[in-house]
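Across the two complexes that follow, chain A remains constant while its partner is chain B and subsequently chain C.
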Partner chain A sequence: MDLLPENYKELLLHYIDNWTACHTAPAYLQNLRAQAKGAIQGLSFPTRKMEEWKYTTLDRAIGHQPLPPDPLTGIDPDWLEQYALPGLEATRLVCINGEILYHDPLPKGVRLERLEQWPSHLPEPVPQPHDIFEQIHTALLSSHWVLGVAPGVSVEKPIHCINLIDNRLKNVLCQHGLLMQFGAGAQCNLLETQHCLGKHSALNNSLMQLQLAPNSVVGHVQIQQGHAYQSTVQRTHVYQAGGSTYSNYLFSLSGQIIRNNLHLSLQGEHTEANLYGLYLAKDHTHIDNHTLVDHQVPNCQSNQLYKGVLAGNATGVFNGKIYVRPQAQKTNAYQQNRNLLLSEKATMNTKPQLEIWADDVKCSHGCTIGQLDEGQLFYLQARGIGPEASKAMMVYAFASEIVEKVKNAQVRDYLLGIIANQLNFSID
Partner chain B sequence: MLQIQNLHASVQGNEILKGINLEIKPGEVHAIMGPNGSGKSTLASVLAGRNDYEVGTGSVRYMGKDLLDMDIETRSREGIFLAFQYPVEIPGVSNTNFMKACVSAHRKHLGLEALKPNEFLKMIREKAALVDLDPKFLHRSVNEGFSGGEKKRNEIFQMAMLNPKLAIMDETDSGLDIDALKVVARGVNALRNSDNAFLVITHYQRLLEYIVPDYVHVLYNGRMVKTGGKELALELEEKGYDWIKEPQTAV
Partner chain C sequence: MNGQEEDLLSEITGSDYKYGFTTNIEQEFAPIGLDESTIHFISQKKNEPEWMLQWRLNAFAKWKKMQEPEWANVQYPRVDYQSISYYAAPKKKDKLQSLDEVDPTLIDTFNKLGIPLEEQKILAGVAVDAVIDSVSIKTTFKEKLAEAGVIFCAISEAIREHPELIKKYLGMVVPANDNFFASLNSAVFSDGSFVYVPKNTRCPMELSTYFRINAQNTGQFERTLIIADEGAYVSYLEGCTAPMRDENQLHAAVVELVALKDAEIKYSTVQNWYPGDKNGKGGIYNFVTKRGICKGANSKISWTQVETGSAITWKYPSVLLTGDNSIGEFYSVAVTNHHQQADTGTKMIHVGRNTKSRIVSKGISAGKSQNSYRGLVKVMNRADGARNYSQCDSLLIGDACGAHTFPYLEIDNQTANIEHEASTSKIGEDILFYCNQRGIDNEEATAMIVNGFSREVLDMLPMEFAVEAKKLLAISLEGSVG
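Right after this comes the complex of A and B.
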């Protein structure tokens, strides 16, 4: 490793001072930045001694001393076409280093503003006190952007948030983030993709916060792809009011190190939460998914299915927390984590963590780590399909169960195309 | 087409096949009968290339080539088809996509052009009709949630799609009611011609009423102990297997 994380922290703090001096912000954000910088001074980068980071170290990503990219302006909409999904009609937002530089005309009932310009009062988002990445995110944030869907509005086309990482000139630390408000009864589908513009090392520090008002319905597809020097630390916080439905589909398909924290707070009765995850890791990729479903009130339901395929020297982590608070009676909470190991060196660490304080609930969990079934492989080969193609076919089938959960056909096709490509597999 | 000479095979050190001899010529249907544990399914598995079995001495020649030297998939592409006793469920792979992959692998091996989508569609519909396979099964995952009879029917459907030279049917009749048995037999009889051959492994004579064999062999304790015409199957049905069991020689 080039540098220890502590040295990097000093470098980063020094950089934050310089950066802050030339990036003005409204008073509230200046205060938040200063508080965040103070918090960073007292925090350390995660080590394996911390329970939450027992199996994941970011040394490889931090060793490249990533720093914020230089501002990029003047996006040409035509240039964006390469980041659109084939055949998908969507309203696109383009985000670089936390700034929204371009967006298609917004549909009726959808609003996108900086927080200080938002028409009604919104509480300032305060980073989790002990989370150094959320603090860094706040300390280096240009603006809080808010995306809102008005009550009762059904947004027809998905909103596609294209997160670009400008690593053309140097190793970068990017802050991506969006606050999202869904009014009562609103319906909306979100898609997030990320793309590197260059070849340098990148650490994408993403923070998404979603507020769902009563009876709103939100589908949220997050696709993570990157090259061998691109890492991601992603936080997604979701707050659900009564009767709302939130479905998250998280695809971690390539990169160096990916750490996701998906945190759902079920705050109103009769809410539904669905969490689907698929991770594919090969070579030295490391993918860590931490989920937390916090059942705070009675009569809610959560379903969770995460599947992973690990090859080469790849490592994976799944930690699934389900909290059922004392008052959250009649909770239904399910969790499944299934993993395929394709090589002798691939490793998976999986840990269901159910903490249940209520007594009238239905909760279940299960996790498996296995290999491809010899009997199935023999069957395919006995019909003339070669061994590599047979394996690819079975892995594809394993992975496609999660893809099939996505409702939009173009998004499904896009994902299946990437997966087939990674497996070097084709179904005509 | 197939010459098996003095074939020995064992699993985990236990010798199951103790010197099998068998010759099959194009156009012939051979039945292998025998009590449980006599080695019938082992023979089928060894021919298809399952590697849980260690092949000892002996040779198997297929179309003039050393069969035991071929990969599992090459055996299939060269025209050997094993209809499984217990067809395997493959969740997430549709029957149609599975067949598409199989047919294109076979055609590529044989130096044939890939089928156009409409040609493939026509073929798959025709072959499904041959075994009364409801087209809805084509879109379902391979064998997943199929009944025993549907699975066996699906095996014969696959056989029809791949049009093998040598089809090995491993207890295809087990778990079939009489109507399903007739459907399976009709499919097999429709595929019979002077260029291909069938090796039908069965415990009971019943299937052989519908798929009439040219030869019946009795396998017992890893050896062929008797060979005859189709009447041998009736005799076995009547008398059971005890009379063909050789007196065991003390080792």
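Right after this comes the complex of A and C.
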């Protein structure tokens, strides 16, 4: 923690210079990199004085001076088996240190490619000019990977992105990103998991962009697990065209600092967005979820349900924003945030925020923070269930509400297994 | 939108401020601008002791180093603090013994405002400390209050007569360096009210002050300090209305409430200052710091406000719950119309054990106005058993207005039980249709709905005030709300 963020920035800029010199790229990307590097110079790492980072500091993560890991060249598919979900039949896509190094044969109608130029139909590549992590991501980007699903194609097996970070040799800062495009009427389920290979500190800087064409349906499960020195700054930007449905299921289960920005732009009428989140934190884990649902057009619907369980010295942050633009009449937007505090030192900061600029809307949010109901605990204990087991049972039930929303049974079982396992430790 | 609705909307948004008139009374002004000599001038005018002058100068020194806050969801041209006169008082006359001796123009003003100064003496048993601009003109029922031991006087008088109380409590809840506007107020406040209710005393009547901004280009810096000693109870009413002006007037008041053990303070406000005309020109800037402290165990502070006026409202009546088992409440109706902007809410800081707080906020936006709720519920680590319930609802009338909520919840104790709900909607067409079917026209129906929407808060007002509050709601949303 002896390193000042400014010094770290210098170190990083120096690294970017060297890195750029030996990594060629298409002209469009070289421009983007140069712009991003310029932007970094004018930006600073987040401090708690910034409204968006009021409750979260990354000092613990950047204090380890993480730098990008050395590239790996190839992997043995058999070795990957340990990262597959038990019993899940999926098309696996393996990304190590931000580079896609392996994938199973792709189903019909699905393509995976590197971009040679920025396609005109895609949104501007840098939508958040004030976010230093997004700029770092772009400055160190070797190529844009695009995963596309053709119009009308219904992809049967889920696509499982396994994101591996090689921190076996040193503290690393890993850039990870993927552009995904879903054609009109396409249907697809995505699953993202991340794992560290070693024991050093790791900071995963991830940027996912999803573009949904009219009437496409996308389910997106993101599972975040990591050891006590693994941190994540993740942005997921979703652009939805008319009639599309996007459902996000975000599970933050362990790690050091996790910061998620989930940003949905509802750009076509009659779109639906569902956001479900579950965060379990203990020890010194810090989990910060920022959601922004931007209702840009009339007749859209969004639902959010985020639940959190905080034990030990853990801190949770939820900042959910519903933004309804003046023209977005007939918007229905709902948001719920429920939290359980299980220990004396656990903290929860929440800010459910509504910004409504249209009048014919129905928007609501609700938020609760509390502890397990004593009456219910007593009920269980009166029936011979010990206090520990009663607590675990109730927390498990509280958490399963979100897991139950996931459609795939194998993914559900996997998540419930992790939660059950964690509860044995998190409850005194 | 059908034609009928459009008519209704234009009627709502087209009505002008009815209380726009000015009273011609000779004024004594401080020279325009603000430096240490202004503060010397004000202090001298008030015959203040040296320690008070030092207190002001200290606040001024701190203010000079501060920045005007920009985080609120309001837009306005910056105020030039050097172009305002910081003191205005009606010319001194001999002390008056009866109502007949009061300047008839003043009586006339009160009558136009609907403040029955004469009647009130008999009618409701309300003692009125009427403030025109900055100097207390008339205080009634003083004898009766004196009998109970209650001190109710202008704060300038209290500084001279009760320095021990002022020294102990002034700045206790809102320190001189609290925020930009509070510091400015601490440096230049001209007058205000002071209430002290002694131990185990129930104040025999509702205390009330009417404020009125009356001089062009004069910032009004009121300072109110209310202390309820152990086991005391007091209910205080504050109501305001201001004449029509083209230039913006700055109002940066500070209200401090101190409730000691087992004491209860109920503070109600009906605020109807000039909101600017329908094009957004003129209007009062209302940048107020209101805060109470539940210092002793089992104490209670309750804020109730009906905000219909001001071009810009920046106001967060808060409660620091330091005493065990203390209770903080906040009930608010904020109506914005035309180009009004309101950024208002509350802060409930739970410090003591088993503290409770309740927040009910109702925002109604019409025209091109913006209405924001900004609140904080903070539970400190040792505040075991804290309980909070918050509800903030917004009603939108017309498609050019906005309603926003920024609730912050910072919970650092596992035994806390915190609930927060918010909703935003317009008046449903089905509800209007239901009323139409039963022979109630849109205008009346809207009135009914808005009244029902705000009832929870209006019910918390003392009876005398509830009547006026309903009247003000009606004026603010003229045409549809009554």
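Throughout what follows, the second predicted complex is superposed on the first by the 415 of 428 C-alpha atoms of A that agree within 3 Å, B and C clash if a C-alpha of one lies under 4 Å from a C-alpha of the other, contacts with A are read in each partner's own complex, and residues count from 1 in each chain.
The rule we apply is simple: a contact is a pair of C-beta atoms (placed from the backbone, for glycine too) under 8 Å apart; a residue touches a chain by one contact, two chains touch by 3 or more.
The shown structure was predicted, so the numbers you read here are calculated from the model rather than taken from an experiment.
When the two structures are aligned on the shared chain, A:A84 is found in touch with neither chain B nor chain C.
In the superposed model, A:R383 lies in contact with chain B only, and not with chain C. In the superposition on chain A, A:L43 makes contact with neither chain B nor chain C. Of the two partner chains placed around the shared chain by superposition, neither chain B nor chain C is touched by A:L292.
Counting residues of chain A touched by each partner, chain B versus chain C, the larger count belongs to C. Contact with chain C, but none with chain B, is seen for A:P352 once the two complexes are overlaid on the shared chain. By the document's definition of touching, neither partner reaches A:L416: not chain B, not chain C.
In the superposition on chain A, A:P326 makes contact with chain C only, not with chain B. When the two structures are aligned on the shared chain, A:L106 is found in touch with neither chain B nor chain C. When the two complexes are overlaid on their common chain A, residue A:E51 makes contact with chain C while staying clear of chain B. Across the interface of their complex, chain A is touched by residues 71, 381, 394, 396-426 of chain C. Looking at the complex, you find that chain B touches chain A at residues 48-50, 71-73, 75-77, 82, 84, 87-93, 97-98, 100-102, 104-106, 109, 114, 117, 141, 158, 162. On the side of chain A, the complex with chain B involves touching residues 375-376, 378-387, 389, 393-394, 396-398, 400-401, 427-428.
Within the complex formed with chain C, the chain A residues making contact are 51, 55, 326, 329, 339, 341-371.
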